[in-house]
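First chain A sits with chain B, and in the next complex the same chain sits with chain C.
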Partner chain A sequence: MKLLHDDAGSVALTTIALLPLFLVVLAGVLQLGALRVSAARVRAAADLAALVAVNDQDDAELARTGTLRLAADAADVARDFFARNLDLSPSLLASSATDVARAADVAAFATAPSVDPRTGARYDRPAVRIAASVPLRTPVLGALVFQPVTTVSVLAVSSPR
Partner chain B sequence: MKGLRPLRPPRVAQLDDRGLATLETTLAIVVLVPILFSILEFGAALERWLGQDAVAVQAARYAGEVGGDRPEVRALIGDQLRLSGIDPARVSVSIVPPTVGWREPVQVSLVSDYPIAIPFLFSTTLPLRSSAISRGEVNR
Partner chain C sequence: MSRRRTLALAILVTLALARPAAAWDPEAWDPGADPASDPEPQTADAAAPAEGGEPAGADVTGGDTFVVPDGLYSVTDVYAGDIVTHDGPLTTYETATVHESPGTYARALETVGSGDASRFDGAAFNGRASLSDGRPVAGTYYETFIKTDSGYVSVSVVFFQDDAELARQRAGAGAGSAPPAEPAPAAPSTGPSEAIDAEPPSASPSEPILPSPPELRDRPDAPGAMRRIVGPPPVSPGRGIVTLRPVGAPITTLEVLRGRTVALWLHAYAGDVEVPVRSWSVVAGDPGDAVALSGSGTEPFVTSWDRLMPPGAANVLRFSLVARGEPPSTPRTNIDAAVEIVVRSPALTA
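The block that comes next holds the complex of A and B.
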């Protein structure tokens, strides 16, 4: 009976018993933090690509009529720079940057006003929109909850001013 | 069997638990403090990485706008890094190409080392790399 009531060493035992749980929590926290950085990078890549595409105006149209109009290759430029920026972080991606950019839904709305069929948003100026699902590597989540790849959806829209 | 005394447990060793709480607390601290510091240190590193990434994106945009590696781009990077709580002197900046033409890509890269110290475990530096690619808007 005395052994049952003897709690000497119980704190140490509890600490050791909970150590795996603490390590799992630590790993999960770090993985979620890394995922947040990855998602921010993907969003920044989409934003920058949309911006780059919009900044390139149709000079002839601007000179002739004074109105801002997207260049004819705006959608291609957006896709290209989306891929270039994603390619700066290849270790974060679960597939190649080129494949992600190729699968992205990139639309250029050269005239305004226009309505985005995907989002229903109305654009009062010419706009470039990028919508993409980007698979990111999450190895710790893979070990913990069998989700080694987490897909992040991004939507970026840019219009000239 | 007469004359033999039954074995008795060493009462002194069992009952004397002086210092045991201190020992257990020390063990718990040795385990828990590194975990706590790991969360704090890596969290701070990730936050700094986010800030540095944002500066790289802004700098790439501006480099495309002004035509490459110009003093104003360096000034913007320094200001934005300071606003993010990062010492610009500890960040190496690379803008390639130095002079960018119309529709040419320009890449801004920022690299810094973030020192991480986990008590009882290790101390190291974490390299934080941020890059962004924009496009030249200057028609020379």
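The block that comes next holds the complex of A and C.
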């Protein structure tokens, strides 16, 4: 009877039995954390690219009127710097930084006020907007029956204030 | 007793021989004095022709005798420019003056009415503007003199325009529907005036027309008024402007990015003619991280701002310009130039 009521080692068995589940949960949490960090880096890359583009002003227009106007190539500058910023974290991306930037919807609103047809937002000053869908690698999620690539949407808008 | 008599006698004698010793009153005018013996012409406030317009007297200086032009007076107000103002259909031609005593002398040559020809036409350095119908405006010719060892030497002739006209505005004038134009009361002309087809020569369409403060003009036709004017005229730039290029468009408000170095070029204009700037200096406003707060006219004001302005605050940067006349011997003039600075910085909005 004593043998039947002896529960010594049951904790170890339970641990062994649930360990895979614990590891899956842990891996999922770590992957989600990594995904959040990756998304933050992508968002920062878009924000900084928009800031750089706004900082590129039309000097001729400034000399003529004294007011800030976006340079004619502000959208190209934003796209270029977006790619450059993404290229600093290639291991996070599921595709090349250049392809991501090329596919991004970059718009420069040189005059104000203006309304963004994509978001409906109203800009009271010249603004640059970057909207992109960035595919990020999520291998752990892929191993856990989820998709190995998670697409993160970022939106960055900058204007001089 | 004898001493008392002697003292009393001395007092009586002293009193009897006493004569009043009146002090010389420099303000008093001796009607019996010979104008020729007055080495200086009268001042403008008392510039009536000497002895009722008699021929000029003689001025004795250093033993030499020279002629004092009739009607000469000391200049206390200096010609500063022609002013044309438009108030509806009324166009007024006036002359701006600056209260100044340059040490020169002047006399009125001739007062002419609207359309009247004058033998001095073409002699004035500032010309004589025309009404909208082409007739010359009314006004007065003045001749300026400087005093030398050999006498009063004429240096220039200036025309002080003083006229006005009513005319149809072209934009609102329908064919035969508008009332006929008529001369304004100030204009002695009786001929019909046509619609204003062009700006007078002294007015620029793009230039703001300066008002004419009443204290700046003395109408020669006003009772008791006396024109006290004339040159040699200093260059009187009407405005100072700021540009971002050595040759560029004037700006009144400048948006500048924080930390961005900008170069502001300062210019002075007399009417629509640019005059050289001898020097400039910052007199008000936040100059930022300026390289220098003053400089010559050939160098810009270079600065940058590292701080944003508080919300709603304005930074009006004011400069004092010293303009140089042409020729360089003409007096210099201080004018102001201002630009409002708005410091901005790229920021995220979403």
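Side notes on the structure shown:
Following the convention adopted for this analysis, the second predicted complex is superposed on the first by the 155 of 161 C-alpha atoms of A that agree within 3 Å, B and C clash if a C-alpha of one lies under 4 Å from a C-alpha of the other, contacts with A are read in each partner's own complex, and residues count from 1 in each chain.
Assume a contact is a pair of C-beta atoms (placed from the backbone, for glycine too) under 8 Å apart; a residue touches a chain by one contact, two chains touch by 3 or more.
Everything numeric in this text was worked out from a predicted model, so none of it was measured.
Once the two complexes are overlaid on the shared chain, A:55 sits against chain B and chain C alike.
In the superposition on chain A, A:33 makes contact with chain B only, while chain C stays out of contact range. After overlaying the two complexes on the shared chain, residue contacts for A:65 are found with chain C alone; chain B is out of touch. Contacts of A:156 after superposition: chain C is touched, whereas chain B is not reached. After overlaying the two complexes on the shared chain, residue contacts for A:123 are found with chain C alone; chain B is out of touch. Set against each other, chain B and chain C differ in how many residues of chain A they touch, and the higher count belongs to B.
Of the two partner chains, neither chain B nor chain C is touched by A:98.
Shared contact residues of chain A, touching chain B in one structure and chain C in the other: 47, 51, 55. The touching residues of chain C, counted against chain A in their complex, run 243-245, 248-249, 251-255, 257, 339, 344-350.
By the touch criterion given at the top, residues 6, 8-9, 11-12, 15-16, 19, 22-23, 25-26, 29-30, 33-34, 36-37, 40-41, 44-45, 47-48, 51-52, 55-56, 77, 81, 84-85, 88 of chain A touch chain B in their complex.
Of all the residues in chain B, the ones that touch chain A in their complex are 14, 17, 20-21, 23-25, 27-28, 31-32, 35, 38-39, 42-43, 46, 49-50, 53-54, 57, 60-61, 64, 103, 105, 131-135, 137.
Across the interface of their complex, chain C is touched by residues 47, 50-51, 54-55, 57, 62-68, 119, 121, 123, 127, 129, 155-161 of chain A.
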